[in-house]
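These are the structures, in structure tokens.
There are two complexes below, and they share subunit A, which is joined by subunit B in the first and by subunit C in the second.
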Partner chain A sequence: MVRTVLGKGVRTLHPLALLKPQVLEEAGVAFILLLPLLWTLAVAFAYAFGRAVYFSFTDYDLFKTPEWVGLRNYTQLFKDYRFILAFIHTLTYAGIVTTFQTALALLLAVVVNRKIRGMTFFRASYYVPSISSSIVITLIFMWLVHRKGMVNFALTAIHQYHRHILLFLALVVILQAIQVLWERRHRLPAHPLDPVLLLISLLGATLGVVVASWTGLLGVAQVSPVEISWLTTERKFLGIPLPFLSIMALNIWTTVPTFMVIFLAGLQDVPRELYEVAELDGATYWQKLWYVTIPAIKPVMFLVVTLGLIGTLQVFDQIAITAGVAPLNSVITLAYYVYWNFFGSGTLPKVGLASAAALFLALLTLVVVLLQRRFGISEKGWYS
Partner chain B sequence: MVFVRGASTSVPRLVGVPYRGEIYMVRQEWLLRRQRAKKLIIYTLLLALAAFMVGPLLLAFLSSFRAQALSWPPELFPPKFWPRNWVGAWNLGLQGGGNGWMGGWAPGHRLTFKVTFRYPQSQVAANPPLPQVVVLPPPMMMGGAKDPRPITQAEIEPIKERLTGQGLEVAYRVTLIHSGSERIPQLRLGIIGAPGSRFVEATLSPSMVSHRFSGTVLTWQNITPGILGYLFESYVQAWTTYKGQEGRFLFPRWVFNSLIVAIFKVVLTVLFSLMAGYALARLRFPGRNFLFLFAIFTMMVPGQVTFISNYILLRDGIFGISKLFGASTLINTYYALFLPGLVSAGSVFLMKQFMESIPRELEEAARIDGASSFQIFTRIIIPLSLPAMGALSILAFHGSWNEFFWPLVVLKTQEMWTLPIGLLAFRQFYGSVAGTNWNLVLAGAVISAIPVLVIFILFQRYFIEGVKLSGIKQ
Partner chain C sequence: MWRRLLILVLALGVAFTLIGASQEVVTIRIVGFSGDTPMVEALLAHLRDLGKFPPNVEVVWEPEAKDMRERVLTDLAAETVADIYYIDVYWAEEAAKTGRLEPLNEYIARSEELGPDLRDVLLEPLVEAFEFDVNPDIPGKEIYAIAKDFNSLVIWYNKDYFQEAGVPFPDNDDTWDDFLRKARLVNERALSLKAAGGFAVNLNPDPVRYLPFAFANGMPFLLEDGCAPFGTPEAIEAAVFYTAPILGGFGATSADLGVGWPGAAFTAEKAALVNEGGWMLGPIMYDNPLLDFGAAFLPLTPDTKERANYLFTVGYAIPIFAEHKDLAFKVIEALTSFEAQLFMLERLAIPSRKALVEAPESPLVKPTNRFQEGAKVVFEATSQPGTRPFTFGAVGGGDYLGVLGEALTKIMVEKVPVVDAMKEAALELNRRMEARGLIAPGQCPTE
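And then the complex of A and B:
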């Protein structure tokens, strides 16, 4: 990665070369042009990083003179129930969200990577969740998963009509099976998901359901409305608090399009010949996807997983926006733990503790990214 | 071989289709039909996916026109979209404020409208009592001044009765007279029908109908809205009901703040990225590689590590320098949004990548003509970098408009907030768990989303290129 990042034509310059006037002029201009960047790197980053390390060994609270306390902040962190919770949450979040967003983004990229009319429109519309701001998306999400929101309404409707849905699916399968067998008997190469037959099956199943409900054979189930308060409940699913799971779903939905774009760029770089050879060998669609596409875009996948991990380990916005409603212990992550100890805990800012937690988060990011590089999806593609 | 009926002269063409290691001979139409059906299915799936990705935003937009954004069943075609109500809104706006578009309630004006209740058979004999007309106080606002309480006389009289199968329908004429001296932007009204009665229709559909023990309560958020005031009621309310300490509307202020901040951010980002990008792409100086790698590295470190120090830095006025300009602290100023991170490594990276694609020959020719590095920068590189500057402007605007974390940390008073932080407070005020004003929150969210959507539709390519180019940035 480093070599591609640095680009071509890079030569290192020995400091003594500065004695030449033309080189000196060039270096001087460079220095002036670089001043804003240097300021950012030196003050907003290096100095800030150094101070964070320093604060993490003190009991600073924004007002008193910082006093050296050694490793006390770090030991305190691991005694803090909330910190352990935030740590576990962060790892769970990164694991689940990165997995899903990578898989779904790849799937979506494969779906939109075909040349048919109107595809630009579809690609653009899929990108909408990614361009909207975290606050807009999260607010709309909070409205959707409200106790009286659309998600619960849809769930109630599904529950009410579950017999219709089941009948529909059963009819589709039965009709499709009958038709495929019939075509096969007439020596026609009908695939189990043959599109023409599938359309007929869908039509037939719809008709079946309509007739069944008209004649009164199939009634709407009497169920009590689903009224889960997704963001405020203390309920858990598989040991993960429901509010946290909801936020994960939200984040997967908003990040999939971004990674779809990166995957799409990778897919368009896969040499066509590879597919042609595979086709000659009689590979099916899924075989081509599994044995040609995925190995070929491994470097892109590495990039996506790395970016995904960095992004998810540092998730903050969605947590901060929902934290006003959701129970803190259900949604707290490391990034929010840092902020909360600084601004939100209602006492004097615990600068030392917050700094220690922030450094822990930085270290965690580094370790996870390095581990994934070593044991996960590596940068090297099969064909590179 | 099968012949097509009625086309005995033409022999159907057969094509071989490989399937599961065998070759089947099928008619060409058979294959064509499959291809068409497949296309249909693919388009349907693509559309379904589009609905899933855009749907929530679309639902939020539609629901911002509902009077109650959380009521079940969710109406996708709320009364605000009914032309009948547009006519009513226009007439009432004209009568109440002399303005059919935006309405209002002006002194000396008088307005009449019709409302119909239905009484069940059991009540008909008992001669139902007149409904009660109540002029409601102006809407709840956060802090600051309130609109004056409307001084309004109300009368109600029955004008028509009709016996139907379900009961007796009585139409009433309501007359309102403004007897005060102040113009009021919005007149809230309630009409309470007898217990057990049902609302049938009105000149303007009420915002809410609730059946209570004490009676059937109809409420109008604004009985003199005018067409635009009615259709965009949530938007007008979001824009105007949230007042600050000084009694000025806060929402427009946040939009303005966001806009100003974004414009400055764009200018600074483009300028500084041009400068740094050129130096890193073209100029030779010691430590160049190290500097660039270091810049890339900073993007990996979480903002949580550096924000504490940067907050303290700004609080102390950047080593006390700001005191020279009369400000003891930079917290809660717009300088705080720009000063620590003047330029992001990501945008420098984007600019550098672009400049490396500019042919070197141009610069070499200029250098032979005796141009200095600075002249090459201003005369050759900047004009050639216009496309990258465009892309970067779009991305910087987008980033600034949507930014949440840093403004949340440094902007402390309501008047200084940018739109994302304002929306957060909006949610807390109007959309609390028991809150009933989610339509205002949704309207606010839609207003915030519109500029980004417009820019995205216009400059889609730049967004996509930006993601690809700064694949490293997150």
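And then the complex of A and C:
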């Protein structure tokens, strides 16, 4: 028996039924309509993939006849310390960027999904990084993380005013605690993060910091300016090179808005009744988010995570742009390793080695996505 | 009557076919750096006006905005080629090794414009820059490209700042110590430089600017055992000199001055001294034509009084798959003709023809303004002993310059001790050469 989709709905057909003229005619039409796509796939994917597989077993430089070398390119890959470095970088990049971009995109989507006046403006603003030219965005980012750029300026300011910041935070906590206790003592239902009380605490803390500064109790710390060269340094944070962390931040910044839009589409499909039922059961905002929203948009989240993983495992553009200034060993990824072997200077292209690395990357991408689907977020939504 | 009419019609047909065939326009495509577009388009128009191209040839300029080397290698591999390509001396040998560039010796031997011996027409180092022994079927060296122009590095200085500081201008006999002393004094005394937010020297962690000093100081390209030379005392001394303005507080990087490259800092009068080539002249002429500037050779090593420099040049090459190779060579003849090179010289490019650079009336011999004087210094700098083509052999510039750039960045930006950074650069280059099979495992230290 064969399950097939013909006409309306899913039907189960006997194999012989497929030979009926009507079925054959429909299949023929479908095949003809699919031909342009199949032809493109055959040439641009199947043929290219087949060539890459063949080249990965050869010594080839684009100009001489390929010479069969068996598995030598694959064994050579694992002897190259830079390939190992690229492999580790790629997995680190995929793990961190996919996690952050998914979480931030979801958060933003939840925020902009509210019906508040002027929200269209914010939705459009958040989306700007995704529709801007990647070169422009990268240049703006390079300017931000420049040695005399905004990031270092902000870090210097934080360093200079760290006492003010600490005092402010301490005052906020103290004032909020006093107010909440006061309210509760008078049998009023005050939440620890009550917005009105929090506003009073923030204003009170600001006043406290201003008075402390004005009276000279709190001075600006004399510190030398922070001049971290984020893109050219070999310094590391938690074992990750700073230039690589900078590129991660850039990628998160530029991809979050696109994924936000996908999440937004998913959120607007969640039935309103589910929230109403949850509210009747006394669910809080966070409980509704965790038990209603996230399960309901699981298929969308699967899409976002899968696209994120594929995109991050294959990251190339931003690495190629910043590799001109950043130390190669700090930013190299598998996709850049392929390019670097193909067009590395001083030698003709190492097509065999680059093809082996490219196939390894393709296999890695497939395995990671399948593992994610099996053990992480699957496409099955709340209804299944 | 019908017979005569038929003969007449046939005759007319044959005549029109012959006329049509004789007037068939052949398009010759030139692929080169997109940055050259204004100069090339003006040059092509000039040569068309002079009738320098064959009558049935239309020359089309195709600027390449991305990496020229990638473009050439992929076009040659795909066998879908233009007729003429820019070939940079940096990777010319590599392109010749593909076996897909046409050896030009026979064309030159037949040429009235460039032959019979190219050395009689172009400057010798420019011929040698594109002459390789890479074809096993041809004994000896073959010429694979015709140099169009060339450049070398010199020190450009702002005369106003030096006069304000009361410091003598840099001159061709300055040593490294003289250079640093003068730069320090200008930084201290030239108040208008400080007011402009500038520094005496604008230099970057740029290995191309550093290497001439290292070579002058006796650093070999590679050690005798094939290992990286960056940990040698000669390389380290040169790095100490090169980075001294930044570490001494009288120099700044372009990024710190808020400009894209030292030429922009110099033109904007934010730097009194920069180490650049003749390509500085165009930006000065267009962006700050009143700037009073001069040029001097790179300073000499303090003890041995040696100097080194790079010869940068680009040539025209023809792929073996080009459909109209003879016509393509005719176009190259026009592009490197006396008239073409005079046109380029008037626009401050330094031409490759001997007749133009050595003639008594040449602006390079008798300059009449400071721009021509600057071009003259660049031309003379190229002729100094110790000038070498900007090539990196089998090691490749990517790795050689890459590890050096990282070392200079560590020194200038992260203040890593010079010795540590340079020794690490040597180890890293050894690792890269070992990974690429250029040296045997264990042949050179990697840890």
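Convention: the second predicted complex is superposed on the first by the 341 of 384 C-alpha atoms of A that agree within 3 Å, B and C clash if a C-alpha of one lies under 4 Å from a C-alpha of the other, contacts with A are read in each partner's own complex, and residues count from 1 in each chain.
Keep this in mind: contacts are C-beta pairs under 8 Å (C-beta built on N, C-alpha and C of every residue); 3 or more make two chains touch, one makes a residue touch a chain.
In this text the structure is predicted, and so the values were computed from the model without any measurement.
Undergrad: For A:S133, decide between first (touching subunit B), second (touching subunit C), both and neither.
TA: first
Undergrad: Figure out whether A:L303 sits in contact with subunit B (first) or subunit C (second), or with both, or with neither.
TA: Only subunit B; A:L303 stays clear of subunit C.
Undergrad: Considering only touches as defined above, state whether A:V369 meets subunit B (first), subunit C (second), both or neither.
TA: first
Undergrad: So, A:V180: does it touch subunit B (first), subunit C (second), both, or neither?
TA: A:V180 sits against neither subunit B nor subunit C.
Undergrad: Contacts for A:F141 in the overlay, against subunit B (first) and subunit C (second): which applies, first, second, both or neither?
TA: First partner only, subunit B.
Undergrad: Let me test your reading of the model: by the given contact rule, A:M248 touches which partner, first (subunit B), second (subunit C), both or neither?
TA: A:M248 sits against neither subunit B nor subunit C.
Undergrad: If we overlay the two complexes on their shared chain A, which of subunit B and subunit C does A:L167 touch? Say first, second, both or neither.
TA: A:L167 sits against neither subunit B nor subunit C.
Undergrad: Considering only touches as defined above, state whether A:L62 meets subunit B (first), subunit C (second), both or neither.
TA: Touch partners of A:L62: subunit B and subunit C.
Undergrad: After superposition on the shared chain, which partner residues are touched by A:L218: those of subunit B (first), subunit C (second), both, or neither?
TA: Neither: A:L218 stays clear of subunit B and subunit C.
Undergrad: After superposing on the shared chain, does subunit C or subunit B touch more subunit A residues?
TA: It is B that touches the greater number of subunit A residues.
Undergrad: Which positions of subunit A sit in both the subunit B and the subunit C interface?
TA: Common interface on subunit A, subunit B vs subunit C: 62, 146-148, 229, 232, 343.
Undergrad: Can you list the residues on subunit A that touch subunit B in the complex?
TA: Answer in residue numbers: 2, 5-15, 17-18, 23, 25-27, 29-31, 33-41, 43-45, 47-49, 51-52, 55, 62, 108, 111-112, 114, 116, 118, 122, 124-129, 131-137, 139-144, 146-150, 153, 187-189, 191, 194-196, 198-199, 225, 229, 232, 253, 257-258, 261-262, 265, 282, 303, 307, 310-311, 313-314, 316-317, 320-321, 324-325, 334-335, 338-339, 342-343, 351, 354-355, 357-359, 361-362, 365-366, 369.
Undergrad: Considering only the defined contacts, which subunit C positions touch subunit A in the complex?
TA: So the residues of subunit C touching subunit A come out as 67, 69-70, 73, 76-77, 91, 94, 97-100, 205, 255-256, 258, 392-400, 402, 406, 409-410, 413-414, 428, 431-432, 435-436.
Undergrad: Which subunit A residues qualify as touching subunit C in the complex?
TA: Touching subunit C: residues 62-63, 79-82, 146-148, 229, 232-235, 327-329, 343-349 of subunit A.
Undergrad: Taking the touch rule as given, give the residues of subunit B at its contact with subunit A in the complex, in rising order.
TA: Contact set of subunit B toward subunit A: 17-22, 24, 26, 30, 33-34, 37-43, 45-46, 49-50, 53-54, 56-57, 59-60, 63, 69-74, 268, 272, 275-276, 278-281, 283-286, 288-289, 291-296, 298, 300-313, 315, 340-345, 348-349, 352-353, 356, 360, 372-374, 377, 398, 401-402, 404-405, 408-409, 420, 423-424, 427-428, 431, 433, 438, 441-442, 444-445, 448-449, 452-453, 456-457, 460, 463-464, 467-468, 471-472, 474.
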